[in-house]
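Each of the two complexes below includes chain A, the first together with chain B, the second together with chain C.
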Partner chain A sequence: MSETLARSGLRVRTPAVYGWAAAALVLVALPFYLDRFWLQAGLFAMAAALGALGINLLTGATGQLSMGHAFFLAVGAYGYCLFAGDGTDGLAGLGLPGWLAAVLAVALAGLAGGVFSPIAGRLRGAYLGIATLALIFIGQHVLFNAHDLTGGYNGRAVPPLSLFGLTFDDTELLVAQVPFGAVEKLWYLGLALLLGGFLFARGVLRGRPGRAMNAIRDHRIAAGVMGIPVARYRAAVFVLSSMYAGLAGVLLALVFQRTVPEYFGMALSLEYLAMIVIGGLGSVAGAVAGGVFVSLLPQLLTRYSDALPLVSAPGTGGIAPGEASRYLYGAAVVAVVLFLPGGLARLAVRKPKSPTTQSPTPTITEPSGETR
Partner chain B sequence: MTHRRQAVRGLAAALAALVALTAAGCSSKAKTGDGKQTGAGGVQTGEGVTDKTITLGALTDMTGVYATLGKSVTQAQQLYVKQVNAAGGICGRQLALTVRDHGYDPQKALAAYTELEPKVVGYTQFIGSPFVAAVKPQVDTKDKGLVLPQAWSASLLGSPYIRVLGATYDVETINAVDFLLKEKGLKSGDKLGHVYFEGDYGENALKGSKYAAEKAGVTVVEQKIKPTDNDMSAQVSALKQAGVKAVVISAGPRQAASLVGVAAATGLKVPVVGNNSAFAPQLLGTQAGPALEKMYWFASPSLPIGADTPTAKKLVADYQAAYPGDSLDNGIVAGWTAAGVFGEALKKACADKDLTREGVDKALLSLKAHDAGFGMTHDLGDPKAPSSRESVIIQPDKSVPGGMRTVRQPFVAEAAKSYTP
Partner chain C sequence: MTDDAPLPGPPDPADPSGTSGPADPNGASPQADPTDSVIGPVTGPDVPALVVEDLTVRFAGLTALDGIGFTVRPGTVHALIGPNGAGKSTCFNVLSGVYRATAGSVRLGAHELTALPPHRIADLGVGRIFQNLALPPRATVEDSLMLGRHRLTRTGFLAAGLRLPSAAREEARHRARVREIAAFVGLEKQLAQPAGSLPYGQQKLAELARALCMEPKLLLLDEPVAGMTADERRRTASVIAGVRDGLGISVLLVEHDMGLVMRLADSVTVLDFGRRIADGTPGDVQNDPAVVRAYLGEETAA
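On to the complex of A and B.
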């Protein structure tokens, strides 16, 4: 590792390398120390970050507004249950091995995106937003009513994933005297998936497709004139974004151990949009930061509701923690739009490293605004 | 280049040291014993119990769709805890109720459950049957703490740790239909309308009405609605067209008010009977109020808050003193009953010198005739059955406290006795 880094001549980054290595070390060590609540919160954050990576490609980098992200999360989550379920609970299930079910569920989400892509390729802006809104309503109706498939209102149990002989369930596995349950094991899976998803999204955005997507966002006609097949790109990025959502859905389902239809509503789609706005539109690291911020905030506020000023303990009147976190979101979105148009990602790259990377429209010459 | 190699080596060493540390048991998570110990008074204790306090959890909804219910249930339980503590607590220990508001959000509900799990002996309240279903495998196999959900769906039955207090929706609906048959002139060959929510609650109730109707030779005319449907005009005209002689409604208070109001206005003058969630005293102040008093009844798993029993009267007085200005509804009864059952189980567990979760679970199973003071006795001996099959029929009435008057005392319909979910 050290040699490749050295060969690529990134001497300036040496402190950063140490930083990343330390961060990675901490992340790997966490399951040995944190209790279930924190690991679960972290897993929710990882799933949210994965989903945010997807919608960031679509809305942030290509400028296609999607309100239907929650629908694709649901396709991933329920798809996994369908493929992995063995049918003993009376619901449809194909009984495939967990890893295959997860892969197929992501593919299914992509397929769902593909089916929608004739529309996604042609519409843009608010029109696409409204068209995708329909997906939410259709999705919710199906989730509540297709009883044999979704389990209806109470959802269905999620079969545990097994990979290389390791089953991600609550059967205890002692690692260095620490009992590893579902969340501890899933933590590493989540980290791996997030890292893979992060690198892939960054690769896409830094390469030709990324430039093409940014060109479409910034000037659709100019992009077409330059020879970019606009409709095809839009459709393709829609499929890719759906697959990210599907993957996030699978991870969420594994953490929840149950899919609940209530969850995949419009509020979730809006949360994902809030994540990428707060994190920074078009930035890969920003999407991750936004996802973590938005999904951790309410959980932290609820947990520390007893200790925070202004926020009152439930049942005593005043602002409940749930409400407080909603106010904070709102405030964060407004503050970001007003004072930090590039989102959290801009904070990290406030100081230009060299004048050449600065340009009036950094997202085009330097597609990933989060370079560091 | 060399110093980078050193860095990698350093990292590797750090990682090795870390693993060694946890191996040596420096992580607080490392396994040491089973967490049980013997505390003050020779009582075995486990999670959530110290020598001074017994901590209970309440997972409620104060900002979401069940906000009104959640508030009443929680305040009633806080009142219970306060009174028990004032009287010296249980087992020489004070009770502490940790409340978490999940706003009917699955993610927050699960997070709150997980957060409280290592800190509490059990949960006196858990609103939202999908979330209860979500934690069920974990409760059954690992945590084994008692959970008393504020939901009456038959799908929650069967776990020795998750216990439904009172008649489930299906049983309650059978009782409601029995009321129509015996007292409101519904007879064999008639048609019975059933307006119900999609999902757990409505579908469970529908099972009950279908069962009761089949027994009585009545046909059910189904009308499925969504929780967001507030105007029942279409349903009323459909039911009128079908020529129903009575209507059952398994929905929210708003839908019940709309149904009764529209039915009265359009001349569908038939008795309407709802489940316990299909009424709120606030409705009496609306335009539908007079019609509700005339042609609406609802079934409930306990006597109403304004009932004429010593416990009910004392509860009303204490509640109003503690929370002046808050309205009285049946959520208070439900919350109080659940907290009472939990308290009883704790007392029993204390007598057996075992305040661990297992001890409390065992104590609860031995409560075969618990009287919560609202007209019902609860038999908690069988996890597969609801703790009671009794219902009361209540009529909205502005003139009594809480706006509810009991018209039929606790009863079990013949059909409900033989019914198995």
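On to the complex of A and C.
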């Protein structure tokens, strides 16, 4: 695969290859220069991008709206705590090695998606969105009340991950005179996971499954007539999307080092939808761009709240940074829908030969004219 | 290429009779690779007959189809005509599994189609084009045609996501076949363009090519030349004739262009208000008083 990548890259887009190499180098070097705050913000962005990749497969590429993405993030995060916890804090824990717990947590999120998939296969578009709302309420209820499992309101501490003898906690490790704590080590894990998730999603979308998914989104009835088992595909994409959410949940938990139930509410689901709309529905690069944008914005505003007009530190009377960022990406969603259908991803590919299409954007609602 | 029916030569748009036969089997398949063995099922020799019997469809109180019946003999073009609202599209939707029949049966060879969902009917080798375009506008023509290969390919989420060599091989093999079929309908130059950027007539042609990419045994064509220029009509007519004569595929055709129907069809069924009012060769049907009445109204009223 890398061979073909390099070959096609060298022949057609040498500057692009250099650009990617430079970006990769910068990303790898960052932990040596940035402080903890920025690394943590970057890790949140990576986790958000992973989750956005998942929901973009479902909502962007297949046209199936999901409001329940936060639920599957919670399953991943709490699942990891459950599998990796050793039970010393009085909460349920199986004491499995960290890496195994992470894999099982992702599988658990997939399983949860699978349990819901008979519904996900039968409902289309916005109807699925309404059905998945239920997941949020069920999830919140369980998270707050299943005390032995989730720690209730206060949440539970996240056991550190260990991989190949390396533990991702704050025991300092000196690399080239730079002390590496949890965030520095997790940075590389996050990069690897995001790269893997990105390439996998791109492979899916460019291959046979992706064509079928887009056909279901664009012309559901024609898709069936072309031989695509529509319900089975919807269900499968739902499971895959849930697994991406689970992986994002595990990474978030590791970065937060504590999982709290109120984080996994409806607002989080809406944030993920905002990410893919801003980034570009159905685009892999767009999901990453949108995830980074939406998750970095509040952090940037918090950091520079004293320097910005109208925004003030939380609790001092002005607009809190979190609130301000919500206004901003709300405005960004509106601006994208009005002026940049196709999202940030479209911006990148706009320069060459654009006048070919009237580019209708994929919509969540059913465009097909035929009804039963 | 042993499993693939060889495509007849590219249809000649200048041929007004619309019956360019298999002139040059090699001309259309430059990419044909003798080691490429398993792409599609054998079409041609084992094309089954489509038998529709006593087909009735009711929506609430409305009877859209009232006990109609006809047979599409293997390797023929059978036209289904009638005034607007006669039930032609309803009939198509039942044949491809989109609507459920209220009563009656549709058999393709040994298979009863009325109980099957659309994708299972497609698996039996029934391809269809829609009256309104159903092409994703932003995908390239080549990718749109690859969608037609869906039922003939196996690559799943894992293989595609991990880019396994088996997935890449399958993809390359089927893209070669897609290029052949595109050349057959005359779209080889448009393969890299987004389907939505093509003129309407070429989009309809691309949809026909996509249906052909399913390697069907029976093609359901819902107004394939509607909205086309005279030139595109001729080209499409010769493609349809080439499909029948070169590949031996049965074609069920709904079309309002009577010239085309009379030229192409081997037999014709006429519907009016959900009932069959005539069935026979184009010549018979043309002079049938019931058909003339349905199209032109009662003579006494004039």
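One rule holds for everything that comes next: the second predicted complex is superposed on the first by the 332 of 372 C-alpha atoms of A that agree within 3 Å, B and C clash if a C-alpha of one lies under 4 Å from a C-alpha of the other, contacts with A are read in each partner's own complex, and residues count from 1 in each chain.
In this section, a residue touches a chain if its C-beta (ideal position, glycine included) is under 8 Å from a C-beta of that chain, and two chains touch if they have at least 3 such contacts.
From a predicted model like this one, the values you see are computed outputs, not experimental measurements.
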Review point. A:88 contacts which: chain B (first), chain C (second), both, neither?
Key: neither
Check your understanding: Which partner does A:240 reach: the first (chain B), the second (chain C), both, or neither?
Key -> second
Review point. Which holds for A:208: it touches chain B only (first), chain C only (second), both, or neither?
Key: second
Check your understanding: Once the shared chain is lined up, is A:221 touching chain B (first), chain C (second), both, or neither of them?
Key -> second
Point to revise | chain A residues contacted in one complex by chain B, in the other by chain C | key: 1
Review point. Of all residues in chain C, which touch chain A in the complex?
Key: 93, 96-99, 117-119, 121-123, 128, 130, 132, 134-139, 143, 146-148, 150-151, 153, 155-157, 159-163, 167, 170-171, 193-194, 196-197, 210, 214
Revision key, fill the gap. Chain B partner, complex, touching residues on chain A are 1-3, 5-6, 14, 17-18, 21, 25, 28-29, 32-37, 40-41, 44, 144-145, 152-155, 157, 170, 174, 176-179, 181, 256-258, 260-263, 295, 298-299, 302-303, 305, 313-315, 320-323
Revision key, fill the gap. The chain B residues in contact with chain A across the complex are 1, 4-5, 7-8, 11, 14-15, 18-19, 22-23, 25, 27-31, 60, 62-64, 71, 74-75, 78, 99-108, 110-112, 114-115, 117-118, 129-131, 133-134, 137-138, 141-142, 153, 155, 198-201, 203
Check your understanding: Which bits of chain A are touching chain C when the two form their complex?
Key -> 1, 199-201, 203-204, 206-212, 214-215, 218-219, 221-222, 224-230, 236, 240, 356-360, 368-370, 372
